[in-house]
Structures are given as structure tokens and as C-alpha cells.
Amino acid sequence: MLKYLLKRLVQMIVVLFTVSVIVFLVMSFTGDPVLMIVPPTATDAQIAEARTALGLDRPLWVQYGVFLQNLIRGDLGVSYIFKRPALTLIVERMPATLELVFFSVLLSLAVALPCGVYAGARPNSPFSRAVMGGSLLGISLPSFWVGILLIFYFAVEKGLLPSSGRGATAPLFGIPFAFLTWDGFRHIVLPAVTLALGTLAMLIRLIRAQIMEVMRQDFIRFARAKGVSWRSLFFSHALKNALVPVVTVFGMQIGSLIAFATVTETIFAWPGMGKLLVDSINTADRPVIVAYLMIVAAMFVLINFIVDIVYTLIDPRIDLR
Amino acid sequence: MAGSGRNALLEVTDLVQSFSQPRGILDRLAGRPVKTVHAVNGVSFDILRGEVFSLVGESGCGKSTTARTVVRLLEPKAGRIVFDGEDITAYSPSRMMPVRKKMQMIFQDPYASLNPRQRIKDIIMEPMLFHRTVSGKEEAESRMLSLLDIVGFRPEQADRYPHQFSGGQRQRIGIARALATNPSFIVADEPVSALDVSIQAQVLNLMMDLRDEFGLSYLFIAHDLSVVRHVTERLGIMYLGFIVEKGDRDSIFGRPLHPYTEALLAAAPTLDREKAAAPLQGDVPSPITLPPGCPFAGRCPRKMEVCDARRPSLLPVEGRMVACHLYGEE
Amino acid sequence: MSAKKEGFFKSEFFHNFVRSPGALAGLFIVTFFLVLVTAGPLFTPQNPYDIGSLDLMDAFKPPVWMEGGDPAFVLGTDDQGRDLLSAMVYGSRISLFIGLSVVVLSCVLGTFLGLVAGYFGGRLDSLLMRVVDIQLSFPAMLVALFIMAAFGRGLGKLVTALTIVGWVLYARTVRGSVLVEKKKEYVDAARLIGLSPFPIILRHVLPNILTPLIVIATIHVGTVILTEATLSYLGVGVPVTRPSLGLLVKNGYDVLFSGLWWSSVFPGMFIMLLVFGINLLGDFLRDEFNPRLK
Amino acid sequence: MSEYLLEVRNLQTRFELFRGTVKAVDGVDFTLREGEILGLVGESGGGKSVTGFSLLGLIDPPGRIAAGEVIFRGENLLEKSEEEMRRIRGKEISMIFQDPMTSLNPLHSIGRQIGEMLALHTPLSPADRRKRSIELLREVGIPNPEDRLENYPHQFSGGMRQRVVIAIALAANPKLIIADEPTTALDVTVQAQILALMENLVKRFGSALILITHDLAVVSEMTHRVAVMYCGRVVEEGPTRELVRHPFHPYTKGLLESIPRLSGERSRRLPQIPGMVPSLFDLPPGCSFAPRCGYATDLCRKEAPSMRSVAPGRTVSCHNPVQGGEEAEGHGR
């Protein structure tokens, strides 16, 4: 077990290292950050001076060394726009995004599990067919458009729910969260639904496919030959076998939700790190973009790690040695 | 020993084959040794012209790996393969080319051994056209039709795809493909084990007829002893990558000497016997860590002290070769 | 199996296809869009990007069935007097063009790498698979977003970015299929004939892994169109001069609160319809080619 | 009521597929006494496995049991509800599958899988179940059963897994065990172990056994009686020794002759049955075996024969049975 953890740790570091190289290289070859920070009226001499001050005149690998060093120290640069450390900006907005993602996860699980399981158990029932049709439509929907429709209907037409912002927050462990206040909770409903929709539809299809696959396995037939009741066959034998692979995909889906939060946050003006990213892209605020990528990469690597651990805990076939 | 000398079509000497399993980064950092599956551990045999030689054993004994190495589908790790007087052990793919015409293979799985997307005629004509053993498309076509006739098909069946045929029929198509370039040597890797009993006899008879007609030699790989007894002149019994007993059919089936051969024969179900003898206990050990002594020592009912310590070598006993301390230099 | 005469119209595939409402609907929708983007520009009342043909007098017209609608502009106009339906036809063209070219490019690239890696194995294979694994652990949308953020908007850049995130899908699937096929004895038979690796890969392996490829490619067209729309919506996709359906939604959203709901609702509906049609087809193909899930 | 533990009469199981209806089991009759071992033998497509699954009512769509009776201890199983069948499966009749690698649940421990059978069909307490599981594992020859109870299937070899499957099948002391090709996936020496074990345990537990297999040699070593199947029908039935020595049906005879022998005379060519098993989608009219049969007459090609008695305990479904049960050729003793 310890060896496995160590191995995974090495892998995680390798991945993060790779990401840092790619991010650094891509960023070095595109655009000129100097032009972003000097005033438009700056002379060539001023520009050269700024370039030296930023260390951009040094060879690429030296620049990378400095970048990496700063990275390890947690210094990801200062935002050109906000004039504040990029890391701080992101960390400030992280709770909002995580809160949104958390509710989307909750929502998609709450809907996808029962629907997917039912559709897998009774694939030919009318309800299952409806669920399958709906989920196919669900994965075909552009989430930003759904967001717009929801805003238009619930906020503009009916005035039932707010269309933008996070509303009032209340602190939990010193971190402000919106869902703790009624106003904040009302604000979170529409974005969470929008964000959850695609994942939810995909999970339904995956769970159903897995269950149908497992139900035709030999060991299910053997269990039937033992006289196991359908209920126990399904819940005790099929379900766990079907859900083991879903765990992996689910982990990846959380990553995907964090990514798609950028879109949802933009539509609903949700003050999370995704909206910050899109704003930074539009203003070419490079340190923030880099910081976002590195932090999100770290989050993904961590999620994958947790998924792997969970996987090994539920599947005895995985050998940790 | 029969077979040494000019008459041998194929001579295999001390053939070794192994596969290493990939290591992770950490394994490499920790300097852990590569895990190696020792599939074939110094196997020697020869096959005369027009002869059928069989390798027999249970799954994982290395018989198929030996066969695939002999035809150079796998690169041998050590040893020597002499075919028709040429040492082909280290031949490059291009130097193998003319040899390939002369050695072909019949496979185990009639469903996987034919490309599902090729028509029967293309399956059979591909080797001829590739090796230019025919002058052109026309000759290839007529030869293909005559081959199909030999294995029992009508000309109009040539345009069909493999999935339109049954297992036995497919196996016959595979045989026609193997014959396409007029080979002198055919490796048959469990050619009938996937077939129904009544079809087995058809395919075995066809193979034996073809041998008489074209003077073929076979290396016959099988786990079914009764099939082997029917087709073969000489055979080798394999266990854990070693040949434990080797000799002509009548002496081995008449009086098996190696305890494993004995057990194998006793375990094979037959129509002629009421009850099987007491079965051999245990499973075949892992080919990753070979036992230092006799490979069969762990399951042998007649194990002695020396068996764990020293690996017996293949020595002539009663007109055949046996690797067992029971028959050591007394 | 019996060797009955087999024609496409007698095949089980065809039989199931004409009995599957989903597949038929999918085919209808996709055909509709293909006709629309090829022949549509002949019938649209205006070329929405010919500034000369726009008239500000036509601005803010609602769809024809609403009060104040103009029969010339069936789905209404935007704030610059641009006919929405025309814009959607041209937008579908761009969306489909991006979808198809990305799929073709990623399919060719991914299939080639997957074939080579799967067939030869070894270092190349482990390197390739490490790249694929790392990339797949990041959501495609985010990677594409990053590339577009770095390199800026543009049709070519967008196709490149989406291909970079798309090929891994094919590489992984193809490699997996090759590993399965490679173990089959017909490949050994081809090697025994003496064929060299590339003829074997192209003539023997490739034809046998086409079915999963067709399924993935079909579904991938829909995914690409959605991702493109999302990126364009975020303002990092197609350039303003070549608005795809996604960009139309964004433009429409900007004026949503001034009451022009139709200019974002209809383009979005088009995206949904197109992707839904493609997914219906893909879903049918997957069930057909993977009988275990039937 | 009857001398038989099991009577199967006119069993018919069909599969409705795109290409047509497959009569996988087409009017099968046979009987089984308590403690008896019956071999159900035939080639692929003969319908022997489907027969086995039909007995337990384990036929899923597109398949269905179209007609017939399965009288088990005086009651027709085909008339029972799913709920009643559930109580019979495992307790009265249990089953052993072909592939030991896939018939155990990979995520449940061995102990749990045996325990499940005991919990379903016996009144034992959890502690007693554990004790009984250990006993059962010991019975089937698994070393250190106490330690292995917590192990998962992947930690066992193929032969060991089949032993576990046998332990599960025996757990509730069933009256009948149906074993579907139980040793086909195993090596010869392991097959011998498993067959010996099964024979031994069936005797000790007093169960009857239906051994479904393609291997006549296994049948001849293991069983008391044999039913030979071809294209969904039983073509011949009788005591094993007699049937193997004097087959009446030309198919049985052909099958026996085409098996190469381990001892005795060795002929240059094996006697072979010409042609191949017909497609179940279009069976020939009359007797299904007629196109391949050397004894076939016009009658055989027109009219399917029915089962009739030809000697004490011997029945055959053939218009022209081999005269007096000819000795199978090449059958040296």
C-alpha cells in the first residue's frame, strides 16, 4: 500500500511537471507580456527596461527555472489587471466554484443514480425509454444555451429566481458560502442545474450500459441458478459490479464540471474562478491564466488520485503491491 | 537418435524463449529485476522429411510458444533452428522471405485465423501473389480453385466471406491457405481442438491425406493425447517449458517412463476404460520462478530428494529420451 | 452459418434501421442539415455578412408569427437588421465544417498513431499512451480553451485546437482494438506469409477495427460542434466575421434583456437539433455494432 | 408417485431471432433416477446446454420454453411460478457452469458466495454457515479452507475455482446437480481431478447428476446412462456401457468411431461422419441426420422418426437402427 502511494505520488509530480512545462512553453511563444504592463505610450527603451526587469531577456530554460522556483514557493505572479497576486485571486474565488460544482455533483448523482439504475434494470419499460431519450437529448444540449433559457424563463419572464451573482453568503469555517443563506441558495439553483445537466445525462447512460453489461455475465446466471431473488441479484450482485467502472468516469466528470463551470459562471455572473479565467483570457491577464491552469491541474491530479484509491478499496482485484 | 543427419527437415537445438513483463518507474528506480516468464527452456527436437512430430502438454507448457518461435513469429532468445539445411535462427525478415514459402501454419481458432474482411479467394491467393509462386492473377485463380477443390469446396464458394462458413469449413480454408505456396513443412497448432468431434476426424483425415499427397512434414501441437497418438510418428511431452520425454509413438504410449507422461496418459479420458487412475494432484507451477530442480518435482508422485536439488537432463532410456532422475546413470 | 444471399437491404442492419424511430429521426435531421448548408444559401433572403445588404430599418423585427413580424424575415432580425434565419444557415455551415474537419483530422491522426503504437508496442507505445492518459485526465474543453486563449481566435486555430484534444480518443480506442486484433491468428497468418508490418496494418488490421471507429467518429462530430459552440460562446472560438451557431447565441444573449429573445433561442435550438440528430445516429450505430448492449 | 426423480417429456425451447425461429430443444424426453448420473452428450448446436438451462427455467428472451413437461419429484416445474422456482434452484436442483473463471462474482469473497447459498436454502445461523462453508471447502479439496474463506475468486486458479463452484452447488444438499461442460475449460490433469471429485461427492451426497458434455470419453468414464443429442433432439438413450459398445443410432456409431483411441489398433484413417451439422435455421425435412447418414432411406428424408424401444432400457429415434447394435469399429478393449 505504501509503495503504491509512493508510486502514485511520483506519477502526480511527473504530470504536474509536464503540465508546467507545456503551460510555460505555450505562454512564452504567444503574445508579449511586456506590452501588457507598459503604458501604450512607452518608448522602446522603456519596453526593453521592463523586459529586463521581468527577466524576459534571459534564455528560455533560465526563465523556466525561475518560473518553476516561484511555482514551488507558491508565487504565481501578479495580475496585470488587479495588481494583486494571481494565486490569491484564485483562492478567493475557489469556494464559489467548488460550491457550485458540489451542488451539481449532488444533483447529477441524485437524478442519475436512480434513473440509470432503473433504466438498466428494466430497459424495455416506457419510463426507461423516456429516460434514455431524455438523456440523449441531455448530452446534445449546449449548456450555455440552457442557461440562457433558464434565465429567460425563471428570471426574466417569471421573476422566480435571480439571474446572476451569488447573493448573500455566510461563513463556514471562515469561508463564505452562498448556500447557507436563503438568498444565496436561490442564486445557486439555476447555475447548478445548468452545470449538472450534461453530466447527469451522461451518467445515466453510463450506469444503464454498465448494468446491462453486468446483468448478462455468467456469474449473474450462476447466482440465479443458486435461487437468488431478483432483488438480491440486482442489488447485491449486479449493482456493485456495475458501479465500479462508473467511479472512474465520475472522477473525470468532476474535472469536467470544474472546466464547464467557466461557462456557467460566465452566463450567471457567478463570481468563481471560472469566470475569473474567462475574464482574464479576454483581458490577456497572463499570470492569472497560468495560475488557474496550475491550480486546476493540481486539483485534477488529486481527484484522479482519490478516484484510484476509492477504486482499489471497492475492487478486490486491484493489487496494491 | 533418429533424425540426426541429412534427412532432418527441421532441427531445433536448445531453443529458449521468454517474455519479460514491463516494469514501472519505481521498479526501475529500486533496481528490481524484470519479471520474466520462462516459456521455453532449452528444447531440442528434429523432424524428418515426411514425418509428423508432436509436442504435447497442458496449457502453459510452452508447446505453442515453441511452434511460433520455430516459424519465427517470435524471435528466439537462444538456441538454433536449422530448416532444410539453413540456419534460420537469426535470419532477417527479408532473408526469411524465401523460407516462408516453405513453412506454413494451421491455426487453432477457425474463427480468428481468417481475416473476416477478406473473401475466401483472396485469403488463399494472397500468399501466392505475394511470393509470386504463380505467373499472374489467372494462374493464381486456377490454383486457388484447385486448392479449394482439394479441401472440399465448390468454385462458387470462393467469393464468400469467412462468416458464411462453419468452424470445420473454416479450418479447411485455413489448410488451403497454408498449402498455397507449396510448403514442405506445416506447423499445426492445435488444429482440431476447437472443432466438434465429428468434424475433428474430417480435418485430421484431410491433413493426413495431404501429407501423403504432397510429402508434407508436420509439427503437430496438441493437448489431446488420443489425437496425437493417431497422427504422429514421434512426439515430445512438455512440462513448464521443458521436454520431459521424447521418442517414438509406440514406445511412449506403450510404456510411458516419465511420471508426468504416465500421469497425463492416466488422466486422459477414454472410451475403453471404466475408471481413471488416481488423478495427479495440484496445479502447474508459475513459469516466472522456475524450480531449481526437476520442473515436475512439485507434483510428482515418485519424487526423490535429488529431484528438488538438481534438474535432470534428457538422457536415452529404453529407446527414447527421458529427463527424470528415476532413470539417471545408475 | 448458412450461406444465404446477402444484400444490404436484406441485412439485419437495414432491417433494424428502418424499424428504429431514433435512427430514422437522426438520419432525417442530419440530412436536413446537410441539405440546408449546401443548398440553403441559395434560398436565404440575404447574405448576412454582406454589410451592404443590411438595413438598420429592419432591426429588432420579431419572428413572423409575432406582432410586427415581417414575412421576409421568418425568424426575425437582430439589432443590425440581420435576418436570423440566414445567419443560422451560414452559422450551421461553419459549425458543421468545423465538426467534420476536426473529426476527419483527429480520426486520421489518432488512428495512425493508435495503429502504430498498438501494433509495434514498446517505447513508442508507452510514450504515446502516457501522453494520452495525461491529456485525457484534463477535460477537453479546458485544454481547448487554454490553446485558444494562448493563440487567439480563428477558424484554423479552432480546428487545430479541437484536433489536438480530439485525436487522443481515436488513438486510445484504435490502440485497444489493435491489441485485440493483433492477438488473432489471421495477423499471424499474414506475418507468416512474409508481409511487412505496414501492409499488415493497412490491409488486415485496419479493416477490422473500422466499426468502433465509425461509432466514435459519429458521436465525435456532435461533441466537436458542442465544444466549438461553447468556445465561441466564451469568445475564444470563431472570429466575429465568421459566426458559428455558438457565436450567434452569444450575440443573441447580449441583446436578450432588450427583448430580442429569438436571436439567442433559435440558434441554440439549431445546435441542439443538429447534435441530437447526430447522437441519435451514433447511438443506433453503437447498439448495432456492440450487440452486448442491446 | 414415480420411480423417477426427473422426467422430461417433449421439452421444446425456441429462440425467436431475426433470421428465424431456432428450435434449440425440439421435443426432448429423458428420465433420471435418484442418485443416477446421466450424460447429455452431443456436438455444438445439439441443444444440450439449452436443455440444462430449460430444466431450471433459466431461459431468457428471445428464448422461451414452448412446450413440454419437466416432472421433478412428481411436480411439473414448467408450471411453477418464478418465486417457487427460486426455492427449487440451488436447494433441489443446482447447477455447475462451464467457465469457472466467470461463474463467480468477482467482488464477493468465496465465503460470502457459499454463505449466500446456505442463507438462502438452509436454516443455519451465520456462525454455523461459516463452519459449514469451511467443511464444504475441505470436502472439495481446498487446502486451508479457514484462511481462504475471505479470499476473492481471482486469487484461485481455474481448477480451484471450479472446486469452489462445486462446493456452492453442493451446499444445500440438492437432489439433482446439472453440470454444463464442467471441465471443458480445464487442463487434462485438472479435469481428471475435478471429475473424480464430482463422482465421489455426488455419491456421498446422494445427488443425481446430469453431466452435459461434448466429450464421449468423459461420459463413458463417469455416467450410468447417456442421452445423445443431435439438432435439438435426443436420438438415442441407454446405459452407458451398452450404448458405447453397441450403439443403435448411426449418429452415435459415427461419433464413437470418429474418436481416436489411446490404445489398441490404430487405423490409417479415422472413420468420419460426412458433411456437417445443419444450420438450425433450416433443418432438413424428416430426420435431421439423414443427409449425413449412410443408412438413410427415402423414409428418413421425409418423415422424422420418433423415439422407440429397441432393447431393454435402450431407446432410439431412427427408422433404420444399426442392426442389433453393431459393435463400433476400432473399439478395441
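Brief remarks follow.
Labels A, B, C and D are assigned to the chains in the order they are written; within every chain, residues are numbered from 1.
Please note the rule applied: a contact is a pair of C-beta atoms (placed from the backbone, for glycine too) under 8 Å apart; a residue touches a chain by one contact, two chains touch by 3 or more.
Computed from a predicted structure; not experimentally measured.
Contact with both subunit C and subunit D is made by A, B. Traced through touching neighbours, the fewest hops from subunit A to subunit C number 1. Among the remaining chains, A is positioned farthest from subunit B, on the basis of C-alpha centroids. Separation between the centroids of subunit A and subunit B, computed from CA atoms only, is 54 Å.
Centroid to centroid, with C-alpha atoms defining each point, subunit B and subunit C lie 50 Å apart. With centres defined as mean CA coordinates, subunit D is found 32 Å away from subunit B. Across the assembly, subunit C contributes 1-2 as residues in contact with two or more other chains. Those residues of subunit D that touch subunit A in the complex are listed here as 56, 58, 82, 86-91, 94-95, 97, 99, 102-109, 116-117, 120-121, 152, 154, 165, 168.
Within the complex formed with subunit D, the residues of subunit B that make contact are 58-59, 166, 168-169, 196-202, 204-205, 208, 223, 225-227, 229-230, 253, 263-276, 278-281, 283-284. Those residues of subunit D that touch subunit B in the complex are listed here as 43-44, 157, 159-160, 187-193, 195-196, 214-218, 220-221, 244, 254-256, 258-264, 266, 268-274, 276-277, 331-333.
Across the complex, subunit D is touched by residues 217-219, 221-230, 237, 240-241, 244, 314-317 of subunit A.
Subunit B meets subunit C in the complex at residues 22, 68, 71, 73, 93, 96-97, 100-101, 103-105, 107-109, 112-118, 126-127, 130-131, 157, 160, 163-166, 174, 177, 181.
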